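Look at the two complexes coming up: subunit A is in both, with subunit B in one and subunit C in the other.
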Partner chain A sequence: MVKTETEEKNWVGRPVPRKEENRLLRGRGKFADDIKLRNMLYLGFVRSSYAHARIVAVDTSRAQARKGVVSVLTGPEIASETQPFLEIGPEPCAKIKDYPLAVSKIRYQGEPVAAVLAESPALAVDAVELVDVQYEPLDPVVDVEEALKDESVLHEEAATNRVWRGVFEYGNVDQAFAEAAYVVDIDRLHFHRFSSTPLETNVILAQWDGKDERIYYWCNNSFPSFAIQFLAAHLGVPIDRIRVETSDIGGSFGIKITSYPQMAVCALASRKAGGRAVKWVETRSEHMLASAHGNERTFRRTRVALDRQGVITALVSEHLDDCGAYPRYEPLGCVIWSQVFPGVYRFRNARIDFTQAVTNKCPVGPNRGYSRMQHLWFLERVVDICAHQLAIPADEMRLRNYIRREEFPYTTPNGCVYDSGNYAKMLDVAKALIGWEEWKKKQASAREEGRLIGIGIGTTLDSGTNNFGQSQIVNPAAPFSGNSQGANCKLDIYGEVVVAVGSCPQGQGHETTAAQVVADVLNIHPDTVTVRTGFDTERNVHTGFSGTYASQFAVSGLSAVHGAAQKLKHEMTRLAAFALQASSDDLEFGSGSTGPEIRSRSTGASINYWGLSNIVNVNSAVLPPELHDITLNCRYVWRAPFKVPDKEKKYGSLTLTYASQLHIAVVEIEPETFIPRILDYAAVDDCGTRINPPIVEGQVYGATAHGIGAALMERCVYDSLGNMLTSTFSDYTPITAMNMPNVKYGHIETPSPHSYSGAKGMGEGGAAPLHAISAALQDALSARGIVIADSFNNGDSLFRALAEQKSGQGTKPVKVERRS
Partner chain B sequence: MYTAAFEYHRASSLEEAATMLSQIGEGAKILAGGQSLIPLMKLRLAAPSHLIDIGFTSGGSYIREEGRLLRLGALTSHAEIELSPVAQRIAIVHDCAAGIADVQVRNRGTIGGSLAEADPSGDWATALLALSAEVHLISPAGERTLALDDFIKDAYTTALRSNEVIAEIRVHVPDAGSGGAYICLKRAAPVYATASVAVELKLEGNVCRQPAIVLGCVGLRPIRVDGAEAALRGREIDDVALEAAGEAVRVAADPESDMRGSAEYKRTVAGALVKRALRAALGRARGEIVETSHLYA
Partner chain C sequence: MAIRLSGEFEVRRKPEEVYDFLSDPQKFAPLLPDYRGMTQQDATHFTLRVEVGISYIKGMAEMKMHLEEAERPKRARYRGQGSVAGGNVSVTAGFDLRPTDSGTVVAWAGESLIFGRLTSIAGGLLEPLGKKNVQRLIDGLRAALE
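What follows is the complex of A and B.
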């Protein structure tokens, strides 16, 4: 039965039910906090209530005296035993000294000042309250433009708040402006700060074992191979001494990439406690206050040149990115946005002056849609604002400016190669789903009644599998380039097919899709493939890029799995040819009465996987010398075909695949309360070949929810003193299913020529709802002369925009110069 | 999230709880549903040294109609009130109970706890102030009954003495021909309202009698809006009257700008909510079945 099924059809591309569901939906997942070690201690962080302050004194005596408290760690103690964390950027960024506990200065509210270790979690929290810290408050800087004035400097050693600056210029900007029919000026656009609120917060269990001098971690960091590189250098230990294991993870969205400072503290605390294991479970308030937020970005002095038809010919702009108090993963975000430099548009001439600065806010981390969504939102705002100013319908404006289907693979002005896509077709599909024409009619009649309804398009990209060589654009000395992922595929001693991958999924279904890929290679059922996901340094499959981030598993992870499976298949073929005394072209893979097997077409003789493994693993005297290289334990490293980009010109291929999404939102601004209500919503996705369609659809819904939440509900708000006003869910109000519209889902498939399966990474989603909702609000309000200049909008902000406009106080943020 | 250490006491009756309060004195707190107190303790914004749990007393949770009085035991949960056919007859009471947070909070949280907490954003005080409601208190020294308006003193401040507990909430059942409604604007379900409005009125023919209009979340305590009531009293409620009431509400509201919205926005929302609530109340006074729901942003 199984045989005919697998012979007829590939498993890749089918809606195979997720293997991990059985465990996760029954509450049988194994999460980091489920792991308990004998005698373990609990860590609590003492956190600053100030955003910017000098530490005058830290008195730990009351805490130390408390029964059940084992020890207290402070910043100066850690600084005397470790190196500051590596900085990815060159000077001035490189001069920043980042330690996991504040040494002499506080730079954001919630920054850890000390860590206490106690016999129970409750005692740890009690002891935290007994550590007395004396602060001398300093002037906080919470706005990026203020920060760049350098009047109050966060990192004195760097002498400036500027982290990085670079100009990205391509084509002939001046000429394009000289020839323009229209020039549109947009003074200021702002992309707000928000996060992704994974259900499971950061959890770390660490043990610095004095017996073998190794550091053991059980945690939920989502990019462990990056974390260990930072940790080894910081702690001064060979990297092999650090073992990291992850199991099920309850969401990361990139936010858990930067948990390495807390990982360092836990290890040092364990060493100080004589090797007892140390657990830290982040509270929700700690997570909101001090884990990581997404990047906030301000776009100043944007000028757009357009021809008579409204085709954009050039763009100049200044982008100011706010990375919070410490760069950490930054300044990589200063180049990562340029993976999608022109977005989905054809313009060739552009100059973007990109600056990043530190402010007294929580450090940022690579939040879902990282650095590209800010830029894509900016471009969608630009296109939309120009359309409204020139009275070109929003859909028509896009069709005139989209990269065309026949232009793929398309090389962008900065040398990126868009593998495949068909944006115009996505627009058609989305318009049909939403009923574009009907909505246009309804909108017109609603307008006559004085109702404010808008229809907005958001087109976005999800660039996946990045070339780490782009780090050299921010720092020519950075020792990173390319991208790789490792996988191992083996027959275990009794013939079980076991796959291990260096990824640490957080709901993306890697167990299922990896099994589908292997099942196709070996022509067996995915149920017979065991997939070990979750990172484990000891499995020895990882490379320096392993982890789960940046929309790449479908390409890098599954290419590695595919390569390992083929390697195994090749070994199995040679072995079976020997065992069955057949030639390899006579062999076929399939399943028989004793399960998966290889058989000879001509003789009908077969050998099952147990038989094959037996020869290699426990019966090896029968193995002829020419087959001694066979291990049935095949590691394969897949490498992305990248070159190092041109650092001077900031030119090169920065990502391998470009999935796209197009969303249309119909939004009404409710009379009297000004609450934006989504009346209808369509989401169309193109991630090339869909390996498992329901998994893709699930990712689309998840990303849509995150985007709608960000557009209308979620933001990290700081007051002028740097107090975070949204450190609980009552204030941050993350989106729930109740706030979701019914999403009309559609898809097209333009297979990627850059991946073996035609798939493109698509997990981040590109934040299309932010673009579509801003556009819809713009459409609703443009008749009133209001420009949507912020990515966050709610009843209050729309009320204020309309009130300002009515009173004539509103500034004119957009100017149009008509030269024709 | 761990609370500071405390001693736990379980009271077998409200009387015993009041006695315990007297005996333990300073540092003792009543624990009812725990939906206000426990979160505060977990955030370490409250650290009582003794908790007296009244959740295991019997007879503290009931809903009874006796003559013109609706009597609610202090321990009656929001959910019990929401689902009670007796309580449902007073529309405003049902609106309030059904709209508090989510099912989990409604199952645990109690009406007595909500009034004792006197959170300026809590729903019960605002809703019940539009009706004539009283709070019955007991202590080892005896018992007394206060008008709700006298019970709620200020934000988080009530007339409760240190050894008193709320035993019962008494609501006068409105006359025939009355109708009411309670509507909030909320940013999400399990979150306190941005602004809320309670309306209760009686119709004689088409003429409005005894209007009561109370605003919540827009001041340190619920605000009764005399101006809006005057705009409606003794006349037919038409669009002009609605607008006048809305404007009076806008003026009377005294909100602060915060994460839920700017002060000016909250005023505007309160003005918009009162019109909706009035329309619903009017329909109900005429005997129509009017479904209402909070507005969720």
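What follows is the complex of A and C.
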């Protein structure tokens, strides 16, 4: 019996169990380290313990002499055989020479100096210890403001530590300040450096096949189409000679995007070893010390103009971004933050002077909420500080400043188009979830007892599906613009529906959501759809933007899947009309006694998918000429409707969808230890139409955990010599389930007009917990005149802030000018 | 991580005698805590071998030392560099001698710059250990010069 489309409820939007679960929870996932090749060698990196030093000599003789060691690679050797990696930024950034092994100078602790290739992992570890490196230490610079003085320059060829600078100015700032009722000055805010801690560290298996001059990679890089562009130019090989395959990935959060330097070393090591495969498995300490960290940012000399009602009318500020020792994915972060230029607020006049510099710290990489969370945290601090200074309740302050529901689609001062949203409604939902009024009463009575309880709101955005044309704002010569994703949908020889996408899921449930989309198009059950995820350059479903990053699969990836499925459906319809001798209008898709089929409504005749596929694949002589174009193997490339932004004005649509999150945290500062403890927590999400609600909810929990960890537990601490003091989990203390509060989850749906399903990209979460917890701590301490000026707060920092305030040593970071 | 320590003590010997002792690695070096040996390349260059033990992290450190400043009988200053437990250490140790009626005041200053994983793993232990070892060295020097 055929179930018709009208009888069957859509699969999109339903809590379909994750298809991946069966494999992953039974330990049957295939991760990069599960792949073993014959005669495989193992690579270990010799890393610098200095943050800044000249390399005087590298003596590899003892390591080379060790039995089981095949070879040792050094920086000068690699530099003689390759080109420096491409730099995305213009000069001075473009002058930086970045090789995967240090050539003559060390620029961050943990930078690889040499690579040892051995017959076993243990031999490689031992041999690393036998490489003698003589250094001449140089003065390290670990602070971005110090770096900009150029007293100790990291890259002599660039002659400065400044990587990029640009002024983003919109509206009439001076007039807005002249007309302001209040002007609030905030001396300095600081967003700390932290990272992601995926369970699986970076893993690379490479083989340089000399027979056909091809390089094969099996790895867990999460943006391989980006990586191969860098690798091809660096290694001097045509890009189609590089094959990259990814399989299951145990988390990335963006941090695995920048593993291409290690990929280069593994390939070169394989070539040196005569084409034997080379595997490198990063240790946890290596990952913490030298993979990539999130951007650290300092906000200086912020001035805010407000009207009498506390509505922000203008903002000026200087933002200094610390990108670590090498730019790599940077300076893209210098413009990516501007996707959310005004955050969720309505101010139209602003001038932000943005500068990025290198320091003697681990290079940064795109970390969950990349570049935008720093800016959104800054805006939330500005709103909260102004609210406290003007004695406006935090919720009321936001309602006065939020972009209003009726203003969507909303064009920001810099030309971005927020597709949809309803921030005021999210606030209502979150307040109801947390019990706002009850907590206000509890807070008042607790304060009478001397307890420090604060309630904080964090409203944030998760912009998804980038317009890569924004790269031209940082470098007008950059050859990137737009965005696209490819997908393939086919009927296999025995009629199996197989979908292939070019994404690299790391827990986002792409197999499930892609199956839901195809199931709706063909009116079949998602279990009858096989989805091949994982990037493979030879699967022909990727474009130059393929990968998993920047909250985009629900829009770009699934739009490509939807397009491919519709093409397949069209071909199947034509073929079934021929086979059943029926008109296309008479056909319906569904499932019958032999599985998925197409049926004639008028005659009841049907043909199942095997029958259809049989005609095309193994019985093709029966096909009439007019159907010879049918392949039942349909590729579709979805392209985002972007234009190249105005480079001079820094104006244009930079992102397609804007999911939003609103979190409320209730935090108490323990009186004895000053440790902040979360008493209650609510998280409300709006990612438009939810394709699979439990998957959305899971990502909200994950992003919330990540944000709470960053706010209270996790930070990359460097001492003045550039030593990273938190290169182990013992010191970094990543958040675990034991540290998580009970999160009260809620959602609203404002469908996006920019995607076929109404879905918006989501998953990065916009770092809402950082905003909400900083706001809660501010609320708890504002009566004592303390301003929360750092995104990281723990018992130690809060004790110091209170002690300084008590002793009168505390600075006055905020000034208010009230004009009559 | 930087550990900087300084102090002074007085001994009854003349500055020339104190200087000759402090500027002679063969006499001076064995007073270092956990000293295990040395090889001297020339009058001002020598390599020290000292045992390093920070809780469960144990190993042998080789320090290449240089007597970089020697002004008899006023000043002696050493600079050295070595590797230990996956990291590197740079040290400077200087002695300024001031004659008194009864002998010599030795004003000493030392700086250890520690680089590498050790600072993360044993950071909290390094400073007290450094202070303890410097005190042992100073006590040894005083005893040897008395």
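Quick note on the criterion: the second predicted complex is superposed on the first by the 813 of 820 C-alpha atoms of A that agree within 3 Å, B and C clash if a C-alpha of one lies under 4 Å from a C-alpha of the other, contacts with A are read in each partner's own complex, and residues count from 1 in each chain.
We take it that contacts are C-beta pairs under 8 Å (C-beta built on N, C-alpha and C of every residue); 3 or more make two chains touch, one makes a residue touch a chain.
Keep in mind it's a predicted model, so treat the numbers as computed, not measured.
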item: Touching partner for A:Ile675 - first (subunit B), second (subunit C), both, neither; value: first
item: First (subunit B), second (subunit C), both or neither touched by A:Asp585; value: neither
item: Touching partner for A:Ser49 - first (subunit B), second (subunit C), both, neither; value: second
item: Touched partner set for A:Glu626, first subunit B, second subunit C, both or neither; value: neither
item: Touched partner set for A:Asn794, first subunit B, second subunit C, both or neither; value: first
item: Partner chain(s) touched by A:Tyr135 [first = subunit B, second = subunit C, both, neither]; value: second
item: Partner chain(s) touched by A:Ser285 [first = subunit B, second = subunit C, both, neither]; value: both
item: Which superposed partner A:Gln109 touches (first subunit B, second subunit C, both, neither); value: second
item: Between subunit B and subunit C, more extensive residue contact with subunit A; value: B
item: Which of subunit B and subunit C A:Met724 touches, first, second, both or neither; value: second
item: Set intersection of subunit A contacts, subunit C complex versus subunit B complex; value: 285, 725-726, 728, 731
item: Subunit B residues touching subunit A - in the complex, by the definition given at the top; value: 1-5, 43-44, 185, 187-192, 258-259, 261-262, 264-265, 268-269, 271-273, 275, 295-297
item: Interfacial residue positions of subunit A with respect to subunit B in the complex; value: 121-122, 125-126, 129, 283-285, 672-675, 712-713, 717, 725-726, 728-731, 733, 736, 738-739, 794-796, 799-800, 803
item: In the complex, subunit C residues that touch subunit A; value: 1-2, 81, 83, 86-88, 90, 113-117, 119-121, 123
item: In the complex, subunit A residues that touch subunit C; value: 49-51, 109, 135, 137, 285, 289, 719-728, 731
